[in-house]
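Below: a set of structures, written as structure tokens.
In the two complexes that follow, subunit A is the common piece, with subunit B as its partner first and subunit C second.
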Partner chain A sequence: MYCNFKSQGFKKRNCAKSVLEKRTIFLLVKPRSAAQQRHSVTATESKMAGADGDDSLYPIAVLIDELRNEDVQLRLNSIKKLSTIALALGVERTRTELLPFLTDTIYDEDEVLLALAEQLGNFTMLVGGPEYVHCLLPPLESLATVEETVVRDKAVESLRKISQEHSPVDLEVHFEPLVKRLASGDWFTSRTSACGLFSVCYPRVSSTVKAEIRQHFRTLCSDDTPMVRRAAASKLGEFAKVLELDYVKSDIISLFTALASDEQDSVRLLAVEACVSIATLLPQEDLETLVMPTLRQAAEDKSWRVRYMVADKFSELQKAVGPEITKNDLVPAFQNLLKDCEAEVRAAAANKVKEFCENLPEDSREQIIMTHILPCVKELVSDTNQHVKSALASVIMGLSTILGKDNTIEHLLPLFLAQLKDECPEVRLNIISNLDCVNEVIGIRQLSQSLLPAIVELAEDAKWRVRLAIIEYMPLLAGQLGVEFFDEKLNTLCMAWLIDHVYAIREAATCNLMKLVEKFGAEWAQNTIVPKVLGMANDPNYLHRMTTLFCLKLYWLLFFENTFALSEACGQDITTKQMLPVVLKMSNDQVANVRFNVAKSLQKIGPVLDSNALQAEVKPVLEKLATDTDMDVKYFAQEAINSVLALQRSD
Partner chain B sequence: MSAISASEKVDGFTRKSVRKAQKQRKSQGSSQYRTQSAPVELSPLPQLKDAPSTEQQELFTQKLQQCCMLFDFFDSVTDLKSKEIKRATLNELVDYVSTNRGVLVESAYPEITDMICTNIFRTLPPSDNPDFDPEEDEPTLEASWPHIQLVYEFLLRFLENPDFQPSIAKRYIDQKFVLQLLELFDSEDPRERDFLKTILHRIYGKFLGLRAFIRKQINNIFLRFIYETEHFNGVAELLEILGSIINGFALPLKSEHKQFLMKVLIPLHTAKALSLFHAQLAYCVVQFLEKDPTLTEPVIRGLLKFWPKTCSQKEVMFLGEVEEILDVIEPTQFKKIQEPLFKQISKCVANPHFQVAERALYFWNNEYILSLIEENIDKILPIMFGSLYRISKEHWNPTIVALVYNVLKTLMEMNCTLFDELTSSYKADRQREKKKEQERDELWKNLEELRLNNTTLVQNNSHGLPGVHNNNNNNNNNNNNINISSNNDTQDKSVDMSIF
Partner chain C sequence: MRPEVRTGPPPPPSSPSQVFHRDLHRLHRRSGAMTGPPLVPQPVCRFQDPEPADLSMEEESDTRKINNSFLRDHNYATEADIISTVEFNSSGELLATGDKGGRVVVFQREQESKSQPQRRGEYNVYSTFQSHEPEFDYLKSLEIEEKINKIKWLPQQNAAYFLLSTNDKTVKLWKISERDKRPEGYNLKDEDGRIRNPSTITSLRVPVLQPMDLMVEATARRVFSNAHTYHINSISVNSDLQTFISTDDLRVNLWNLEITDRSFNIVDIKPANMEELTEVITSAEFHPQHCHTFAYSSSKGSIRLCDMRQAALCDKHCKYFEEPEDPSTRSFFSEIISSISDVKFSHNGRYLMTRDYLTVKVWDLQMENKPLETYQVHDYLRGKLCSLYENDCIFDKFECVWNGSDSVIMTGSYNNFFRMFDRNTKRDVTLEASRENSKPRAILKPRKVCVGGKRRKDEISVDSLDFSKKILHTTWHPHENIIAVAATNNLYIFQDKVN
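Up next is the complex of A and B:
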């Protein structure tokens, strides 16, 4: 998307051995020849420190040496351990030696500077607490002027953090002058940084200073460079929140109007964001005159980026302007966005359909949706762009709860059906994953009758993610359809998934079967599932044989958790008489993967077997597996023996 | 349900290239907010050349107005007749302004610029392919090109017409016009960018009053590209224009221009898509250095600061640029940067990526560079020797090893004694480095201990045993510090240990 401003991740660069080297350092003033430098610098320093017997000299010496290192990584490491060094130095020396030194090092690699900017935000206690916190301002001020956005942003973040630790007096004496200096800096970077600092100091300064701050902000809003205007526009909402209402009306509105009609669309779109905060602050009666003209204009901006932003913020805007304006202005605007000529805008608007409808005033909600929104939605269902359709599919089901049963059946169901048959898998997926909300409204019978054919078709969809979504929906469907209907229509599907060629589907199918057993009971399982699953134990494909194992294992565990009512005798019967032999027989499988999965399964089901079976049948098999030629089989067999035997002992 | 191929059934993942090939849409309409109703059908006007000269001007205006009608080229079947009429008219207009004298009367200027603005100024549509790779992917072409091309052609002929008067035109070709023109450089269509390049160049040449403004706006575009979006299609074209602009700068250079070099051109080297405009960028940089050799040092230092760390392809480009700079460097300037520069070159020579190593070693084929090295051999040889000596034994690529031998031989011939000295002290130097490494580890260990003691002290104190050396106030501070920076893992360790 357009607003994909670089947020993190440095471009890897190499370093010049920085200016640092020249400006070092108060400890070692004596200039050294290149030859000497090649020799151990550290040794000299450590000797110096050692000779004095003053251990406290270590940290600064280490830091300086590391900061001079040609390897950025080492420089970075030492900056990241800055708190260690400061701690060892004590607050006094941190203030008088470390900080001035750091202020001088602001010529390094951006990555080192980023680490430094971050560290300094947590330094208040290390310089002696809030009364000395202003000592941190000089290095952070320099960092707030560097070119690299990531560093600058971090410096501003740290400045915002420590601004809270300033006393009101310090704020005016130290912090506010810094903001002013940044705001009137030569290069755009410092002015950009200043934009983020106004709102944190404004509430805590005297009214004269407040007036100055407002003036500075105003200047930056009409800055010459679009970069600064963008920064100001993005902080406009935040700044408005800390201003007194009168000034919001007198100052902010004019700035907002100006930024919203900036010549650059990248500035205008940021004003849309501010619009939300500003509209929230103003009393209802002022909105029409102060905000709406600008908002209307933004919704019809000639740049699709601005319209996209309006669509993207639509729910927030709707809440901010209230029901009356929504009815009169936002509904037609929303219709236009849904019909926009750019797919990006339509997709953003489509995403908001449900939220917008939900938040409509209740008295006229249904009427507005039916006459204004639904016709647009109907068109979007057959949009040419798949992102638009898929955005719509992810929210359209939510409309059924708002519109109620009759409208859903009459108007929405055909749309759902159309989308279920869409050529794009993502659209189908989004519909399937939201079936439950429709279910609540129109009931499963109705739903299944109309949707079942489509669902059956999707169960064999070429995209496995679509099949997966259908499987996950199956237990819900089964539970409400009842056994008979299920056996008739869906059982074959559930069994077919067990031999799907994608593992994720087989796995999901296995879990799905267990959920079905929970619903329909063991008898049903005994009659429909168990024979089929046991039959697969002889399948020529080893993957299918493994599926049998997985099914049996889960079934066993499920059974012994007693989560469904069933006479225990019957259950014991099924498991020991029918299933255990099958599992044990598979220990002779020619594929090692099957054999070690036998071992793993036995380990799992061991705890629920009776000790006779365990001793007589399971143990010999495991012991045999433990002598297998395959390394993995041996390993898992041994694991199983250990845990099964441990069990016996505890018995 | 569409039939799926066997291969897709097996892995379910289609390759990117296959997915991309399936995309058919290759052209795109312009994103104009189409509030206006459907275009009215155009009816052909008589030919200009057939009209009596008294009526020509009037007809010219009419034709210009006719060409203000916009058509939807996305829909290839509608308005075919009108589209053809407009195309023919535009062709005729191009012809008219390029062959006839005396047609550019003052009253025509607003009509002409109006027609141009209506047609070319539009918000570019969102990219069809969000991760568009200009090197691999086919660009999306402008759908309305059949018309737009002719409008650009017309604008160009208009500007180049001998009767063209900037003093009149500046009322219409103003800052706003230029700003919109510059934004069009982001077009994905290379044909459009090519036209824009020539047109902007003409405007820069003819409108003295707009020059500073144009430079500043290009500045802003680049800064946004570097620090905000990392996306702009027309960087190469803008740099090409700048190349010739820089060429014309008067000496001494204004500080504004120097700032542009250091704060814009050098950081441009950090862009991910550097390969798309590196040739033009390097040209601009070298132009600056030819104008003012004293800029060499800051430029080289800037390049070294942004030297690529992980992208070998970019590293090769940087080396190419450095060679271009060295080709024009003055010996006095060379002395100023030789140490940091050759430290970097020594790293490049030892790069495991053979193309990087090879590119760096090729410096030794350059006569001028060779003479500079020879002049300063006592400084450069000690820097280079370690890497060269090591890779002559270790590099995996035989070509590189062979090249290194040649380079070593050349260097040896330059100063035999120093070479022998370095050879004999090589081992000792390596050991010294190792020792230095150990000592550094040792120091950090000591520091950790120091900090450990400090923490223990604090722990004791917080248990009500006042320390002798520290006052209470200090301790409290220290105690807090630990909480603040406990994300540091060494810190955690020390806290843990102090509990025992």
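Up next is the complex of A and C:
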């Protein structure tokens, strides 16, 4: 939500056409060699050029030239085949010519740089193996300083990858100086990149270098720019994991405390995340003195974004600090978050209610929930903010399994019922969508009295998206409520949706019917659904007539795809006898849309009809439609004839 | 690594400053990425300045001199050439202007060189690009002007420079970067560009980077659009370097600099019924150090300070600055002239400065009930409000700026006058930016407007002020006494005495 800004991907370019054009021009100029190129591009992947004569050089030459083509897409393609180029050049020339060139390509578009950063992570063998892996550092170093976060992150990722391929000596001679250079760079882009590299080289260097690395990390944690402090804060946990426990206690804790009280709330909120990993590293007895003061402070931070972060990470924090501290500290903190003055925080905390309760120590779980958590939850049910209520509604049902039957009936049921009557449709929907948890504990009957009005109201909501959402839960509800209840109360709703004025609803209703048929069986369908659907074939509204058509089509397919239908009392005969005439009759409909949908339906159901019916009944109808006055009808009829009758011929 | 751009005669040793006379934007009316060197216009004249002067206000007069001004010939000036915003970057090395034609021109300060130390301080065109194009909103049948409403620089993060520019609806993030190397050597072509016969290709060539003339490129990195129903009047970058706000008449939206597909609305003053609308937001700015604080001004003359820590929605302000109205001066125009056209935090973050039609006010953030200081910009216009109303001048939106140490403030007026107020000595001065009066290297003479009575020599009467010549946009170098003043289609850069 609010805090989680994510960097996003790049726009996709559609340059296929221009690529094609360029290629065509190429072909006109050099027809012979282009043909060679086609077969040899793949060939060179596995062998060195030159060894095989001049022919194989050509495609590589093209790739190299296109590294600087004006078209981004071509450059991108070339960069993605960088391994082919490197293979052709051989390790020596890759190191001395290709890499220096790539080091200076940082002027390029982000997509190209991103692809380059990724490629270089897998380049070790192409520069001559681990012995020479340090040659990859300069281009990655320059990529680690560009302003685009995704590119920088990818460069760091590749650097981390190749750091593993450095020998301990190389790591100190080549890699570690690079980290230092980045860490003391003029621009904050390089310093942010450095933050992600400490943890990979720390475990493998000598103790003097280790001390230097710790010093550099300390410096970055108090950098002038919030960007760098944020990067350091987000890598604090990771760095702590590779540090010796003594240094965690002496160094990391003080950095953590400092970052957690940074003047910028964007830095403080990242310290919360670090808190989780630091807490897991420390022995239980140190947590109280080293971590808890900071955590308490974060939970009561002046900035709602920090408190939001605490709420969002609550389950992780809870696991990290263990049951004792949870009981004494986190329970009151969680209560406060549930009562927070900012709705975003309450919503985040409400989302965690179930997980928090599940993870409470078993011996005192029920008591804590009943005396501390439940009162807050009760208040949230009537919260002023609908996001909070709907967040709660999405997890509250889960509490019933934790609390057991009696408590659920006594304490939770009233809350469920209240939420089912909530003014906000999303809250009601969330309750309904989680009915299965309650069903296991107390059975759904307890709820059905309130459930029905809630469902009916959602089913008739003025917003079609709400109606759509409730339709999607119908099969689930039907399964839990049973066929009798369904027939009695909900069947009419399902049929009413078929004639909704929004197409999306009619379509969903059609699919819904089929799911119900799957649940309740063909006999049920034959008795309750089919007559009504067939009845709609004579509806004055052509849209409703089309709905009949769609239903029948799906129904048919369902029958013949699922073997279950065949074992039922009503088999192919009935469906053919009962429904085919209706469909065929609709081919005389006065509305062209209905007619061509008949053709489309026949195309779909044709394959499952027996050949007699096909020849005797379907074929004449399709042939008649093929001579229709309407262009579209003709077209679809012809399509149907082609596919259905062709199929028959092949039989 | 800067390009050598000057080809004019070397300046005499004693005259470090110069004036450039050029039809600047006309020269560069091209869109997309632009290069520096070929576009830089040439200086056409130089004047000698015998008396260098000091900028500090201690001296009675002659406090400023023109450094260089980018003047366009009035005969050719069109609406599109009118400068609509001007802004120094955080180091003062670059200066950006935007105009009604949607163009952005970036000037770069000349580096100090041992041989010609006097050249330091001159600004030359660094990059010119078309930031916004005119558009048409087909859903609302509205034309969207390309006029640049505001430019804000981002703090420098690597060798490239970044700025945000906005028109009425869309904010764009631009990257301005240098390139001084070019790959050379093809496999399929020879040196002259002729296609080689593929059968003659017997070895592979990897391109080699060769130095070339410096090229400056401007590329649009992000476009922040579709978030404003009303016209954007200001943008402001947060000190956390992660977010910025864009403000229109009724709403303030918060963006992440890396995310263009969503923004968060943090202030919304739109009433349920638009007939109940009594005020609009005129400007908003982030606190320079506290990433959670921002201020916005309203057309009713009040300023609200909001704390983003308290809640996700900042509809409730935490401080409200307003001066109670003096009933004795109340008139039909009171409400119009009390509308705030610009709000600026001081560099140290302790004060807020606001500009309304007749005054500049400085507020202490700790004192909400009245301004700390009030400066009259052109009080002599109080008697002419009626005619200013009739010619719409009363709705002009003047901006105001602090100097680097927050001790002097500057704002514009009519007749190409601009005013400076020294907060410590309480001295003030009226200066004029015009080609006739400000010879290059010349020291600016203070101007006086006479109010009634006898007009003394050197004074100008209120009635002869030219209201079509107004200085709305000014900016002050963040550390030095260099100012840039936009007077319709001309940009003047004045600087402190250069020794």
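Keep in mind that, in the parts below, the second predicted complex is superposed on the first by the 485 of 651 C-alpha atoms of A that agree within 3 Å, B and C clash if a C-alpha of one lies under 4 Å from a C-alpha of the other, contacts with A are read in each partner's own complex, and residues count from 1 in each chain.
The working rule: a contact is a pair of C-beta atoms (placed from the backbone, for glycine too) under 8 Å apart; a residue touches a chain by one contact, two chains touch by 3 or more.
What you see is a predicted model; the values in this text were computed from it and never measured.
Of the two partner chains, neither subunit B nor subunit C is touched by A:71.
Of the two partner chains, neither subunit B nor subunit C is touched by A:244. Of the two partner chains, subunit B is the only one that A:457 touches; subunit C does not reach it.
Legend: residue contacts after superposition of the two complexes on their common chain; A:623 is shown touching neither subunit B nor subunit C.
Touched residues of subunit A, counted separately for subunit B and subunit C, are more numerous for B.
Touch criterion met: A:93 reaches subunit C, while subunit B stays clear of it. Once the two complexes are overlaid on the shared chain, A:363 sits clear of subunit B and of subunit C alike. By the touch criterion stated above, A:101 is placed in contact with subunit C alone, subunit B being left untouched.
Once the two complexes are overlaid on the shared chain, A:146 sits against subunit C while remaining clear of subunit B.
When the two complexes are overlaid on their common chain A, residue A:406 makes contact with neither subunit B nor subunit C.
In the three-chain superposition model, subunit A touches both subunit B and subunit C at residues 2, 5-6, 58, 61-62, 65, 88, 147-149, 187-188, 225-227, 230, 263, 265-266, 302-305, 341-344. Taken in their complex, subunit B has these residues touching subunit A: 1-2, 4, 8-10, 12, 31-35, 123, 125-126, 130, 176, 179, 220, 223-224, 227-231, 263, 267, 270, 272, 301, 304-311, 339-340, 343-344, 347, 379, 382, 429, 432, 435-436, 439-440, 442-444, 446-448, 450-451, 454, 474, 477-478, 480-482, 484-485, 488, 490-491. Across the complex, subunit A meets subunit B through its residues 1-2, 4-6, 11-18, 34, 38-43, 46, 55-56, 58-59, 61-62, 65-66, 70, 74, 80-81, 83-88, 90-91, 109, 122, 124-126, 128-129, 147-149, 187-188, 225-227, 230, 263, 265-266, 300-305, 307, 341-344, 423, 457, 460-464, 501-502. Across the complex, subunit C meets subunit A through its residues 155-160, 162, 175, 177, 179, 181, 183, 186-189, 195, 198-199, 201-209, 221, 239-242, 256, 258-261, 264, 289-292, 308-312.
Remark: subunit A residues 2, 5-8, 29-30, 32-33, 49-50, 54, 57-58, 60-62, 64-65, 67-68, 88-89, 93, 97-98, 100-101, 104, 107, 145-149, 187-190, 225-227, 230, 263-266, 302-305, 341-344 touch subunit C in the complex.
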